[in-house]
Structures are given as structure tokens and as C-alpha cells.
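Below you'll find the structures, each written out as C-alpha cells.
Consider the two complexes below, in which chain A is the common component and chain B and chain C are the respective partners.
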Partner chain A sequence: MLSFFSQLQSHEIWIMVIGALVCSSCGLIGCFLILRKLALMGDAISHAVLPGIVLAVMMTGSLSSWAVFIGAGIIGVLTPFLIDTLQRSGRVQEDASIGAVFTVLFAIGVIMVTSIPHVHIDVECVLYGEIVWTPYDRLIIGGSDFGPQAFWVTGTIFLLNLAFVTFFYKELKVCSFDSQLAAAMGFRPKLMHYLLMAVVSITTISSFESVGAIIVVGMFIAPGAAAYLLTDNLATMLALSVVGGILCSVGGYGLAILLGGGVSVSGSMATVAGILFVLSLFFSPKYGLVFRFLRRSRLRSRLQKEHFYIDIYRITEGENTWVPILDLQKINQRKKTFDLIQEMMLAGMLEKEEESVRLSEKGFLHAQKLIRAHRLWESYMHKLGLPEDHLHRSADDVEHFISPQLCQEMAKDLDYPRQDPHGKPIPLIEEKG
Partner chain B sequence: MKKENHNQVALEVHDLTVAYHTRPVLWNIDFEIPPGKLVAIVGPNGAGKSTLLKSILGLLPLSSGWVKIFDNPYRKVRQKVGYVPQRGSVDWDFPTTAIDVVCMGRYGKIGWFRRPKKEDWEAAEKFLAQVEMEKFAHRQISQLSGGQQQRVFLARALAQEADIYFMDEPFAGVDAVTEKAIVRLLEELREQKKTVIVVHHDLQTVKEYFDWILLLNMRLIANGPTEEVYNEDNLRKTYGGRLAILSQAADEVAKGRL
Partner chain C sequence: MDWKNEILLFFTNEGMNRRMVLIGSILLGCASGIIGTFALLRRQSLLGDAMAHAALPGVCLMFLITGLKDPFLFLIGACISGFTGALCVIGITRYSRLKNDTAIGLVLSVFFGVGIVLLTYIQQSGAGNQAGLNTFLFGKAASLLQEDVRVMVTMCGLIIFFIVLFYKEFKILSFDPNFGASLGFSIKFLDVFLTSLVVLTVMVGLQAVGVVLMVAMIIIPPAAARQWTEKLERMIIISAFIGALSGALGAILSTLIIKMPTGPVMVLVAAFFLGLSLFFAPNRGLLFSWYRRWSQKRKTRIENILKAIYKVGENSQNYERFIPLNEIKGYFSAPLWLLRLRLRILHLTALVEYHPQEVRLTSVGFEQAKNTVRKHRLWEAYLSNAMDIPHDHVHRDAEEVEHIFSPELTSRLEEYLDSPEHDPHGKSIPNVNGNNCNS
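Right after this comes the complex of A and B.
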């Protein structure tokens, strides 16, 4: 990795900077698309603008002009408007209207590109982009070189997106979370929606020339979706999506170099975005699959141990005396019994002498607590009218989770019972300090 | 004269007709509500209760009629109005915390572009404590129970510090403890001379909780103090079959307009 950075040439740095600007712009605005359940709107707009681009090229004869911006911009805002109108007409669901509108517009664009002879648009370029060449298209004013043109375009767009999100942070938040309240308060959710769509269109179009349509679609979704998995805070989510965008660009370029040859740089960047998303899906501390699995297996082993305490307690019932290991093996498997004994001895909860075990003072107290919870629950449910044979199963689940305070409340409600419905004693626990 | 009127009427709805797409939902509604009352809007499913709230708050276009709150059109008195939408109308997986949601109640007073200040956060904390949710201030909202989410919504309405509140089914799907807490809160608001208008589903409790009732089923059936309005005759009119004609008319209008 170090050698990768030390060998970088200036045009390579430019590629990564431009890539990072595009990816971060899309990530930032994409967060709101995701939160508003409009993830596919980016996809829709990026396809639908094609006829706008072609029209502009037909009129001006060049692909890199402001006319393209304006042409695509108009269609870009028209698209969500058409989708909205179609949906409000009654019988068309939102997903169906998105699908209908953008495919038709894109199809019209394709026909225009292929049927009008003097229009030369490289569809491949629109789709896959040519980020590798962007450093050579310089911005030259009055004979002096101000760096790649794409840098200035994407940089401006990034600043625009950043300003939009910063200025309208509160408005975007309340309109996205609760548009009815926002409207009642006098914020204009509709207006905010179209402003957001306009920013999406402008971002899409500006990114087209440099990186192509496919990566834009991916970048509207992947960094935001990954950030959504990592945090419960909107501002953090926005910041993470920018970081994600930068990682996509740098990592994507590195990946393209690694794969070598004519590998598409844009494609590599989008691939890295996908990898980032999958990583957060697995490793997010709160929602990640890995941690959820760990939490679950930790819980399973805790329950297993607690059942073991209860088994020992039930055999001796009330007094903490020595229990032959053979008796415990009748309840659990042989190997599992040995493992559990080992583990609990290490934790100082169990003592062993020859072929017998006994709970330590600490272990006995823990077992008492569990049994108390179990039997109080049974008594409580019995009082609520459940027959005796319905009690044990639910108490077996609940005993591990209810707090001493709740136990105390149940005991109070039952007027401090000494026995559970099956006639077994409910242990009293002396609270210390 | 004008001043006097202000004191007597918190909400005035005149000849209000509302349609969803082409189908009329509310027909020619006329009523007035005096200030300082706990008002229940009662009626069967599809009676237009939520629609009535939303059209009063300018969230739906009116086919005809007008609404005045404290003798003014709604948009002039926004700051005096608090709103609790149905709990199911928002995405509870949104990346935000309870205290942040309550703070959103301040946004109307804060206005465009400006950020919530320290006072706003303190107020949010105070109102969250008023619904006994201060312990959950920094909890992600999806990790709250239904009743807790409803309390957060109420705290948000309190944070609007309004004179008239509109609440859309605040009792829907909450536990008994939360229901009691909400009732207590409503009574506190009444003590402060606020007007509270609640869409309510439960006929059992309506007499106990509210001192003013508005019976609705596409048209206004009755509007007045609970003891005058809550009787068998009115309830039969609201829930009985006689309205089949109105609903049929709505169907025919909808079909005719297509």
C-alpha cells in the first residue's frame, strides 16, 4: 500500500480527487434519498436525462457545454414531477410510476441517439465514464492552466451539495421524518422535495462526463446505505457517507491498478462502494450480522450456564450441599457437563471435590436469584388465572431476564408468598447494602 | 366585537367539503368549538376524522368552505397550533433520538435556516420529562415501545407551546399506563386553558375523558358538550345505517367524475 502511494503521479492524484468529489457529493445527497425511501430516484433521474442531453447536443453540437447541463437539468426535475403526477392520478403505485417514467424517457433518448445521424454521443462513455482522461482536459483561462476542468465542475457541485445539506439541514430532517408536521409548521415539504430532486439531477449530470452513469447510481445508494447501518444519528450518517465516498474513490483506483490493464476505474470505485456496504452489513457494531450473531451465541451460553445453576439448586433444594457429578450427567450430556463445570469453577461459582460439586457462596446466591424469579413468575401467572401446567415453560424463559426490582414488585403484589403454585419454596434473598 | 369573538371561539369551520381524488369524504361541515375544551372527534372508520384534522391544518386542499383558528386563517396562527399526527405516519427507523424528535416541535418557532439553540434543547428536555420519558432522551426512536413513541410525539406537541392542539388517535395501540399518562396530560392542558381536539376511537372512554364531543360521519352529526351530545339517538345516527346514502352518493360522484 505504501508503495502504491509513493509511486503516485499527479494525474493519478487528480483522478482520485475528482472521484472522491463525485462519490462524496452523491453519498451526501444519497443519504436523504435512502431516508425518504427514494433510493431508486437517483437511478431514474440518471437514465431519464438522456433525451435532455441529446436534445442539447443536437442544438449546440457539443457534449461539453452548459446547454447539456440545462437540457438535462430540466428533464431531471421533470422526472420526479412526472412520477409524482402519475402516482397522484390514483391507480399507480410509486415504484411502478418511477419505473414507467424513467424507462420511457430513457428509451426516447436511445431512439434519438441512434436515429439522428449527425448526433455523436458515445453511449458507452455516458454509461461507464472516462475518469482516466479527466486530468488531461484542462481548464485554461488567459493562457494559464488551472488544473483539470472536471475538478472545478465536480468541486463546485460538491460545495453546492454541502451547502444545500448544511443550510437546509433542519428542514430536510423534519420534512424527511414527518412531512405532515413539517407542512403544518409552515415548512414546505413539496418544495424541499423538488429542491432535493433538482440537486440530485445537477449532481448526476455533472458526474456523467467524468465518471459515467453507473457509478453515480451506485454512489447515490451504497455510501448512504452503509452509513445508515453504522449510526443512529443523521449528522454522523452524512459525515460517514462523505468518508465512504472518499474511500470508494481511493480504494477504487487502487483496485483498478491492482487488477491492471484496461479495468474500468469507475467500475472499480462502484465495486469498492459495494464492498463497503457489505462490510458494514456484517460488521456494524449495532446492526451488523456478525455482532448480532456474537450477541446471540453469548446469550445462548449464558442461558445454558444459568440452567445449570438451576439444575444444581433443584437437586439440593434450598441447602447448598455436595452433588454427585453423575446426577448432573443425567440431566445434561456428559461432555457438556464437564465443560460447564470447568467454566464455572474458573469463574469461582463452583467447587469440586472428588466426584461431587457444590455451588460457591457467589454461585449459590446467583442460583437463588434465578429460582426466585422463576417461582415468583409462576406464582404471578397462576394468580392471573393460568392453570398449573402452563406455568413452567414461560418461567423458564423469563427467569433470565427479569430484574430484582420487578421480582420485588411481583412479591409485593402476591403478598410475599413463601411457596410457588407447585408447593416449592421461593427463596428469600437478603439484600446487601 | 372582534375581541369578544376571539374569546368565545377557538375553532370555526364553515361549510367545509373535502374530497380525496374524486371521492368526497366530508360534506358541508359547520361547527364552532369554544376555547379551553377537551374535544373528542368520534365516528366510525372512514367517517373522515383524520381528514377533518388535516384539512383544518391546511394539509389537504378544500373543495369548499373555510377554517378559522382564533378568528384567523390557519397560516397566520401556525405558532399557536400544535399537531400530533398518527404514530404510524412516520418512519420510526429514522436515524434520530427521542430528544431530537421533541426538539423538532420547536422548529416552527425557530423558523427557516436557523438552528435550535440551548433554550430549545432545554425546553425539549423539560417536555420529555413531562411525559416521563427523560430516561430515554438519547434512545434511538426505533428502540422505544409503541406507548413510548406516542409519548415522544406528545412531548413534541408540547414543545410547540401552542394554544390549540390537534391529536390524531393518540390512544391508538398504547398500553394502559400510557393511556393514563396521556389523559393526565390532556387534563393539565385544559387547566392551562388550552383547547385540545382529539380523534378518538373508543366509545367506552369518550364520556369519561372529554367534555366536548363532535360526532362525525362524512357529515356533522352533532357538536356540543358531552352531556348534551352523547346520547343513544346521536350515536345511532353516527354509527347506524342511515348514512349509507351519503356514502353511496360519494361513490356515484367519484364514478361520475372519472
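Right after this comes the complex of A and C.
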């Protein structure tokens, strides 16, 4: 890793810097697209701007001019407008109207490219760009070299996006989470929507030359989506997606070098973005699949154990005498019973002698607590009017989650009952101290 | 340009290629129209977008593993990775808190990115020319070969066969999967099956029109067909027809008349049909709903004019008299010249007799005006008597419903109110038999 960085040449650093600028500007704006369920708007705009670009090239004759920005910018704002119009006519549903609009505009663009002889646009280049050449296109003013042109373009766009998000942070936040509230507060959600769309299209266009249209779509979504799984806080999400964008750029370039240097750098950036997303999908502390799975299996094994306490308690019913393991095997499976006995003996909750087991003092107290919660809940539900034969099932589910305070309150409310509705005794637990 | 020659050429041996293109485009349009209908109804239209992009890594991997450029192998590779992409979208939506659109965009771009890495990796390792891979992305409808068309025919036939065979099941899956499950259908299996048919269609179409335009062929014909009918069978047939027609016209336009890429032309033709359908379809079409709205407005306007003349007549208890225009002009916000114009039109339709500066109702116009006033006052009476709404709040409401109520509803209302004589403001409610007319 260190050797990778120490061997970097200036053009490689430029590639990573430009990539990082593109990725993080997209990531920043992308967060709002994800939150507002507009993720595919980036996809739509990036395809739909093709006719705008071609038109601009036709008029000015070059792919790198302000006319391209303007032409693509107009179509970029026109696209969401067309989609909205089609959708609001109530005749075409949302996803279909997105799909119809951008594909048709793209088709028009392709026809324009192929049928107009003196326009030379490499559609492939527009679609998946080549960041590798950007360092060699220098910005030269008055004979002095100011670094790659793409750096200045993407840098400006990054600052613009940053300014947009900072300046309209409050408005964007309210509009994204509750557009009706925003309208009621006088924030003009519609205006914000189109402003956001304009920023999206400007960002898309500026990124064409460097990373290409389709990768831009990924950069709009992947860092934001990964960040969305990591946090519940908008500001944190924005910061994380910028960090994610930088990681995509550096990691992407690294991956491209690793694969021999001849592979598409922008493609590798998208690949790294995908890897980042998968990592956060699995390992996010709060929403990650791994931790959710662990939490669930931990809960499941806890419930299993608690049911086992209750089974033992029920057999001896308050006496805490020795219970033959055979009796327990009638209730649980054989193997599971042995596993549970092993586990609980290790925890010091169970004592074993020959073919019988007995709850230890600590284990017995725990069982008593559970049984007390179970039977108090049954009594309480009975008091609320649930018929006797419906009590057990719900109590079985709830017994694991009733806190001592709740038990106390229920007991008080029921005037400290001695028996549950089935006539079984409710164990009393002496509070220590 | 010699059209006749071009057309003749089409039927000769040299026209073989063109015939292939035509057949391929028609079949493709047909199959994607059918499959797209289900995708549209299940709100999975854009899933096709994700699948189409996700095909790239599969194709590249297939080439890397086998080293062959066989369209059938490519198809298998594309299907596998396209299906994986679709599964990822469904999985991400189900197991994380991300929404469907985010999942689609994510899968689309990441798979495509991986595909480009693989594609450039193949190029870098110098494994011959990659024309096969590039056309897979951007389509080559104009140069379809006989074997390509043979693959397409087989696949499209297969798709249509399965749709016919599982029609009932797919219908239930699209409209009410829970109900289907309760009937004992394996919804999970059907879901996977239909999704794989969508994948198959997209992959077959990729060869002809390319990634983006294939998405269009799945979305646009069904969206157009949706405008014409509420029935699934008809929607499928119309959608297949529109798809096939777009395919045919696209192929013909692009090869015979102008030298243009077939795929985009096909899409534009389909879009043209969508536009037609949006405007001209009966019932759902924009033109029809505009007409309905306009005729309702017109009816309201006419009835308001007649009502105003009636009211002036009522005030003086003389409906026969010619009323000077300045007595009724206070009822309208429209300028006087417009009112004159409208009265002249009413004169032509024999609802009023209009001479410059004065007007009176004809017997037909009188009946219509009376009816409007009757509805108005009956509704006021209903709101005030039965609904306990204060007198001064009922007029606004009645002003709107008087133009809408049907005769049946009016007579039921009268029955319910026990044929009241007066409205809450004390004005008399005119009777159907016209007793209030003092002529």
C-alpha cells in the first residue's frame, strides 16, 4: 500500500484528485436523490442529455465548450419536467414515465449522432468516459500552465455543489423528508426540486469527459446508499458520502493498476463503489445484515434457553427437585436438550447428577422471575377480558420482555394475586436488600 | 433514391439481410410488448434497465472463460448475470432500508462498471477484436445474421409459448399475489419464472437494439396499450401489436428510406404511438378528457345564462316578457360583448329568443332553466333540512351541483324531502310539470 503511494507520479495524483472531486460532488447531491426516491433521475438525465450535447457540438463544433454545458443543462432540466408532466397526466405510472422519457431522448441523440455527417462524437466515450487522459488536457492561460483543465472544471462543480448543499441545507432537508411541511413553511418544494435537478444535470455533464455518464449514475447512488445504511443523521450521511467518493476514486485507480493498468479507471471506480456498498450492506453496525443476523440469532438462543428454564420449573412446580433428563427430552429434541444442558451448566444455572438435572439457586431465581412474569401477564390479560384459553399463547411470547418494574405494576394493579387464572401459583420473589 | 428498386431488392436474394432485420425487429417488438405488459403492471419496468446493464459482465466473463464469440454463449452469460442483477435489486430492496429505485440504479451502474472493467481487460489482453461485445451494447439491428434471427425466433417463440401457458398464473401474480397464494399457486416460483422471462426478452433484444433502447421497447408499447383498455388480454394484444408495428416500421424506415440506425428509429416509432395513444385513446385519452371538461364547462355556462334570465322573470312573475340586457348582465363577470355572443349562439340553438338589447326564454330554454333552478333549490333544501347546514352556507354548494345532478337523483332527492315547496331562502322550488309557469 505504502509503496503504491510512494511510486505515484504527478499525472496519477491528478487522476485521483479529479476522480475524487467528481465522485464526491456526485455523492453529495446523490444523498438527496436517494432520500427523495429520485435515484433514477440521475440515470435518466445522464442518458437524456445526449441530444443536448450533440446539438451544442453541431453548433460550435467542439465537445469542450460552454455551449455543451448550456445545451445539456437545458435538456437536463427539461427531462425531469417531461417526466413530471407525463406522470401527472395520470396516464403513465412513475417508473414507466422515467423509462419512456430518457430512452426516447437518448434515441433522438443516437440518431442525431449517426445521421449528421460532420458531427464526430464517440458515444462510447460519452457513456463511459476516460479519466486517464484528463491530466494531459492542460489549462493554459497566458503561456503559463495551471494544471489539468478537468481539475478546474470538476473543482468548480464540487464547490458549487458544496455551496448549494450548505446554503440550502435547511430547505433541502425539509423538502426531502416532508415536502408538505416544507410547502406549509413557505419553502417552495417545487422550486427546490428543479434547482436540485439543475445541479444534478450540471454535475452529470461536467463529469462526462472524466468518468463517463454511466459511472456518474453509480457515483450519484453508491456512496449515498452506503452512507444511508450507516447513519440516521443527514449531515453525517453527507460527510460519509464525500468520504466514500474519495475512497472510490483512490481505490478505483488502485484496482485499475492492479489489473494491469489497461482497464477502464472509471469502471474500476464504479466497481469499488459497489464493493463499498456491499461492505456497508453487510457490516453496518445498525442496519448491516451481519449484525442484524447476529442480533436475531442471539435473541433466538436467549428465548430458547428461557423456555428451557420454564420447562424445568413447570415439571417440578416450585420445588426445584431433580428432574430426569428423559422428561425434558419429551418436550425438546434430544440433541437440543443436551446442548442446552451443557450451555446452562457452563453458565452455572444448572446442576447435573447422573441422569437428572436441577436448577442452581441462581437458575431457580431466574426461572421464578420468568414464571412470575408469565402468570402475572395471564392474570392481567384475564382481567382485561381475554378468555381463559387465549391467555397462554400471548404470555408465552411476552414473558421474555417484561421488566421487573412492569411486573411490579401489574401485581399492584391486580392486588398482588397468589394464583393465575388457571389456578397455578404465582411465585413471589423476595427483593434483596 | 429509387424506392421501387429498394422494395424489389427486398424480395430478392440480396434482400435476405433486410428480410432478416425485418423479421427480427417484428418478433422482438412483439415479445417485448407482451413481457413489458407484465413488467409495467408489476411496476418493474425499470428493472429491465438494471437487467440490461447487468448483462455486460456476464458476456465478458463468458468470453474470458470460453474464448469463443458465439452469440448463443453470450446470451447464456448475459442471462445469468442479468438474472443475478435482478435478484440483487430484489434482495437489496427486501433486506435493507433502501428503496427500489436506489437498488435499481445501484445494480445498474455497478454491474455496468464491472462489465467495463472486464471489457477493457479483454481489450488490454489483446484477445482479437471485440466487435461482438460492442455490438452487444449498442445493437446491430441493421446487420442481423440469419443465425441471430434464428436464435431470436426460438427465444420469442419460447416466451410467447410460456406466456400463453401460464397466462392465468401470471395474471394473478400481477394483480393480487396474496390472493394467488391463498389459491395455492406458488407465488415465489411464478415470480422467479416471470422475472427470468423478462431477463430472456431483454437479452434477446440487446443484440438488436442495444441496452438503453431495449428498455424503451419494454416500457413504451405497454404504456401506450394501457391507454386503450382496462382488460389484460386486450392490453397484451395491443401492446404486442404496437411493439411489432414499431419493429416493422423501424426496420423499414431505417433500411429502405433513410440510412439510420434501426434501434433508435424503432424507439421513436414506438414513442410516436405512445403519443397518439395518450391523446387519442377513447376514455383515457387527453383529447377526450379535455373534451369532457370543456363540454361540462360549456353546459355550466349555458345553464347559468338561462338561470339568470329565469330569475329575472321570476322576480317580476312574468316569464314571457322580453328582458332588457342590462337587467341580466349583473349576473355575469364576463364582458358584455361576450355575453351578447353567447346569447346569439343560444338563439341559434333555440334556447332563447334574442333580439339586440333584449332576450327571453323559449319553451325549451325555459324547461332547462327551471330544471337547473329546481336542482339548485332542492339541494339547498336538502343541505339545510337534512344536513343541518346553516342557510347562508348552502348556496355555494348548490351552485356547483346544479350542473351535475342526474334527473333520477333529483327526483329521489325530492321524494326524500317530501316534495318541498320552498327552499331555505323562501324561494319557491319549481315543479317538473311546469305549474309555476304563469303562461
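By definition in this document, the second predicted complex is superposed on the first by the 387 of 433 C-alpha atoms of A that agree within 3 Å, B and C clash if a C-alpha of one lies under 4 Å from a C-alpha of the other, contacts with A are read in each partner's own complex, and residues count from 1 in each chain.
The definition used in the following text is that a residue touches a chain if its C-beta (ideal position, glycine included) is under 8 Å from a C-beta of that chain, and two chains touch if they have at least 3 such contacts.
The structure presented is a predicted model; accordingly, all values stated were derived computationally and were not measured.
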Once the shared chain is lined up, is A:134 touching chain B (first), chain C (second), both, or neither of them?
-> neither
First, second, both or neither for A:225, with chain B first and chain C second | second
Thinking of the overlay built on chain A, is A:24 touched by chain B (first), by chain C (second), by both, or by neither?
-> neither
State whether A:186 touches chain B only (first), chain C only (second), both chains, or neither.
-> first
Regarding the shared-chain residue A:268, is it in contact with chain B (first), chain C (second), both, or neither?
-> second
In the overlay, work out which of chain B or chain C sits against more residues of chain A.
-> C
Touching A:206 in the superposition: chain B (first), chain C (second), both, neither?
-> neither
Could you tell me if A:161 is touching chain B, chain C, both of them or neither one (first, second, both, neither)?
-> neither
Taking the superposition as given, does A:379 touch the first partner, chain B, the second, chain C, both, or neither?
-> neither
List the residues of chain A that touch chain B in one complex and chain C in the other.
-> 37, 228
Spell out the residues on chain A that touch chain C in their complex, using ranges where they run on.
-> 34, 37-40, 42-43, 47, 89, 91-93, 95-100, 102-104, 106-108, 110-111, 114-115, 123-124, 128, 214-215, 217-222, 225, 228-229, 255-256, 259-264, 266-271, 273-274, 277, 281, 287, 289
Sort out for me which residues of chain A touch chain B in the complex.
-> 35, 37, 90, 167-171, 173-174, 176-178, 180-187, 228, 231-234, 236-237
Residue numbers on chain C that touch chain A, as the complex places them | 40, 43-46, 48-49, 53, 92, 95-99, 101-102, 104-106, 108-117, 119-121, 123-124, 134, 138, 212-213, 215-216, 218-220, 222-223, 226-227, 258-261, 263-265, 267-268, 271, 274, 278, 284, 286
Quick one: which bits of chain B touch chain A in the complex? Just the residue numbers, please.
-> 21, 54, 57-59, 75, 78, 81, 83, 85, 89-91, 94-97, 101, 104, 107-108, 110, 112-116, 140, 156, 160
